[in-house]
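Sending over a structure as structure tokens; questions will come in a sec.
Letters are used for the chains, namely A, B and C, taken in the order the chains are written, and counting of residues starts over at 1 for each.
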Amino acid sequence: MGFRRRKWEERVFRVLMAASTFIVLGSLLMILGTVVIKALPALNLDMITRTPEGGFYLGKAGGIKNAILGSLYLASGATLLAVLLSLPIALYINTYSMRSKAWAVQVRFFLDVLWGVPSIVYGAFGFIVMTLLGMRASLLAGILTVALLELPIMARAMDEVIRLVPSALIDASASLGASRLQTALRVVLRQSLPGILTAMLIAFGRGIGDAASVLFTAGFTDHVPTSLTQPAATLSLAIFFQLGSPIPEVRARAYASAAVLTLIILLVSLAARALSRKLRKHIIP
Amino acid sequence: MRLLSALPGLLVGCILLGLLLKSRGVLSMQPLSRLLFSTAWKPLKGQFGLLAFLSGTLWVTLAAMILAVPISLLTAVYLSEFAPRFLRGLAKPLIDLLAGIPSVVFGVWGVLLIVPFVARIAPLFGAYSSGYSVLAGAIVLAIMIFPTIILVSLEVFTAVSRDLRDASLALGATRWETVKHVVLRKGAQGLIAAVVLGFSRAFGETMAVLMVVGNVARLPHSLFDPAYPLPALIVNHYGEMMSIPQTESALMFSALVLLLIVFVFNFAARLILTRVERRIQ
Amino acid sequence: MNNSSHLRIRNLSISFGDQQVLKNVSLDVADRRITVIVGPSGCGKTTLLKSLNRLLDSVDDVHISGHIFVDDDDIYDPKVEVTRVRKKMGLLSQKPQVLPMSIFDNIAYGPRLHGVRNRKALAAIVERELHAAGLWDEVKDRLHAPAARLSVGQQQRLCLARGLAVEPEIILGDEPTSALDPQSSRIVEERLIALKADYTVIVVTHILRQARRIADDIAFLYLGELVEHGPASEIFAAPRDPRTRSYFSGEIS
């Protein structure tokens, strides 16, 4: 093959590769740009501080305070619940289970399976449990479902961080006479705390943005929920329900919800990144 | 604590069991073959043929893969082998950000930009379309799975040792030839796993696709036809779950089918990836 | 230093970021002799070797100054086509790097890139180089088996054959036997000695006994500086620099 032809082939592919990268990064900019452009006229103080009046779908006045607070309550509750479950699991498979490696492998396998479950299936399952327990569409039901969604994401992220704690460190603590629980809590937690917080943030970001899991379980309402048994509006569903409305004010609420939701996720993502950079400084190699 | 660590396994079992039990209703009414292979979806008459929805999902997912795989792989190769260092550092967080954008936001963007775009280009191909189509769903879905394929592929390329690339370069190969004959070949299995993972993610994706794909329960015959993917079916009919008998059962069955398909693909991808990892060690 | 120099290094300085790895190295490498570069780990030997076929080009943050002349052409001249430079040199890495293909395809890889398409011509090249590397008898019946199935020693000889297939003038070896068992090491050393009749060989090693066995000329590198160099017999018998003496006596390694 002539040398000129080889060079030419490389040049062609370089162009294709650069174009592809441009498409990928360009899509991101397009999406963010569209959200900003559409939402900017809609975002004002009123929008954030008022709830929709006259019904979220048909009412003209009001804002998205119901959805903002609903989402925050729901995602926070779900993340908290998920932490209470994920952290012990992640700790267990890395410390206690050191001897029975097979068990840890099994747990990781099932976490992997859960990780791949589509959120609509979590929604369907949440609905089944909800009706089984006699619950109605409510903040609590939503929290339980989203906690299930967040569990594998959080547990896996925590697992990866805790795994990095060198076993020598754990052995050293154990040899000093600490019981297994003390070892786990003091040594491992402190070493991996930034990573654990990052895992929580990542899971929170995923949970707050999801619509399919809360569709059946959290309901929707104009009001800010004041108790766990009340239905809760979410930003994601606010977008979904209000986007197709014939009334422009309602549509504006959908765009505003999209902007607020994207902004929250952006902030969470930045915080997670900043934390993981801190993590790299404090790790004992 | 040991009990808690059994939770993931228990959950998987409960989800499968719960969906299966709830599906009993519709399974007892119609044989499995009719459920899966009939296009007759008439809940009021007790007919729950899912073929149109399975077909819709397949059309959209395959079209999305055809768009996403080349672009993702080319991007991953570029970032890994050719891009200047600053671009690599800049691109990864941006791709992570793309991965974090919620499905409904993609849906908004799709409705605002992609649907009119498809409506405008359809006549160029001799078709008429409202814009709500397989193609619109495929474009939006493709962008959603870019990060999945790219990030896994980047990991695969990182695992190929620098010395191997040097060996090829030392023989007088250009950088592209090294990528073509050595890096891609060495990473082939991992790349297949990345694509399979992307496929599985695309299959289960619900909201964004639902918002742009038209939701008409007919077998699509072209990219410009509307479609009705399985996840969209579950979302759109959940209101009727309480009113029309056996609808809930049919929807739960759909969820079960979705879960099993996704499960199989994920499992296959994980298997390939762990084998690749083990070979490197 | 007798006969012509095949490769001349002049004032070569290389740094990665802030760290300077090679300081002003100048060296003449004689034609058709084995030149061995020795020195303690971290002294810059591998960097020096990799600079000879411009493998450092794509490393982030690398800064190279100085000249390397191969037969009077400066290989770092910006107008030079780098693949042509690399074709003149064959590289043996420390850990055998077999390409993910069959034994036949590994050796045919280079020639195919450079335009040889004819099946018979390729087969002839493969056979010739496998003989040169001393591997023919062991693999002649399974040329199309994956190269990864060979033992480590066989893989390294395969890499040697592969490097010879592009008809280089210079063979570069980066600790070529350190990953091999003693018997394979011996075979590779024998091959290199046999090859010096037709090629210029430059080997980097940290095994002094190996240097004694194969070197015609020796260059001692310490902390990035070329301390001394010359015919192996002279340098080993009477090293001039105290650092060289310390290294040979084992005090620094």
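Some notes on this structure:
Convention: a contact is a pair of C-beta atoms (placed from the backbone, for glycine too) under 8 Å apart; a residue touches a chain by one contact, two chains touch by 3 or more.
In this text, all values refer to a predicted model and were calculated from it rather than measured experimentally.
Put simply, the chain nearest the middle, going by average C-alpha positions, is B. Across the two interfaces under comparison, A-B and B-C, the one joined by more C-beta contacts turns out to be A-B. Each chain's centre was taken as the mean of its CA atoms, and the one lying most distant from subunit A is C.
Chain geometry summary: the mean Cα position of subunit A and that of subunit C are 52 Å apart.
Look at where the CA atoms of subunit A average out and do the same for subunit B: the two points lie 19 Å apart. A separation of 48 Å divides the Cα centre of subunit B from that of subunit C.
Across the assembly, subunit B contributes residues 174-175, 177 that each touch 2 or more other chains.
Multi-chain contact residues of subunit A (touching two or more other chains) are listed as 6. The multi-chain contact residues of subunit C, meaning those touching 2 or more other chains, are 83, 113. Residue ranges of subunit C in contact with subunit B, taken from their complex: 50, 53, 55, 58, 60, 83-84, 86-87, 89-91, 93-95, 97, 99-101, 109-110, 113-114, 159, 162-163, 166, 172. Residues 1-2, 4-9, 11-12, 14-15, 18-19, 22, 70-72, 74-75, 77-79, 82-83, 87, 91, 93-98, 100-109, 111-113, 143, 146, 150, 174-177, 200, 203-207, 211, 231, 234-235, 238, 251-252, 255, 258-259, 262-263, 266-267, 270 of subunit B are the ones that touch subunit A when the two sit in their complex.
For subunit B in complex with subunit C, the touching residues are 85, 161, 163-164, 166-175, 177, 181-182, 185-186. Every residue of subunit A that touches subunit B in the complex is listed here, in rising order: 6-7, 9-10, 13-14, 16-21, 23-25, 27-28, 30-31, 34-35, 38, 85, 88-89, 91-93, 96-97, 103, 106-107, 110-114, 116-121, 124-125, 127-129, 148, 151-152, 155, 205-206, 208-212, 215-216, 236-237, 239-240, 243, 254-255, 258, 261-262, 265-266, 268-269, 273.
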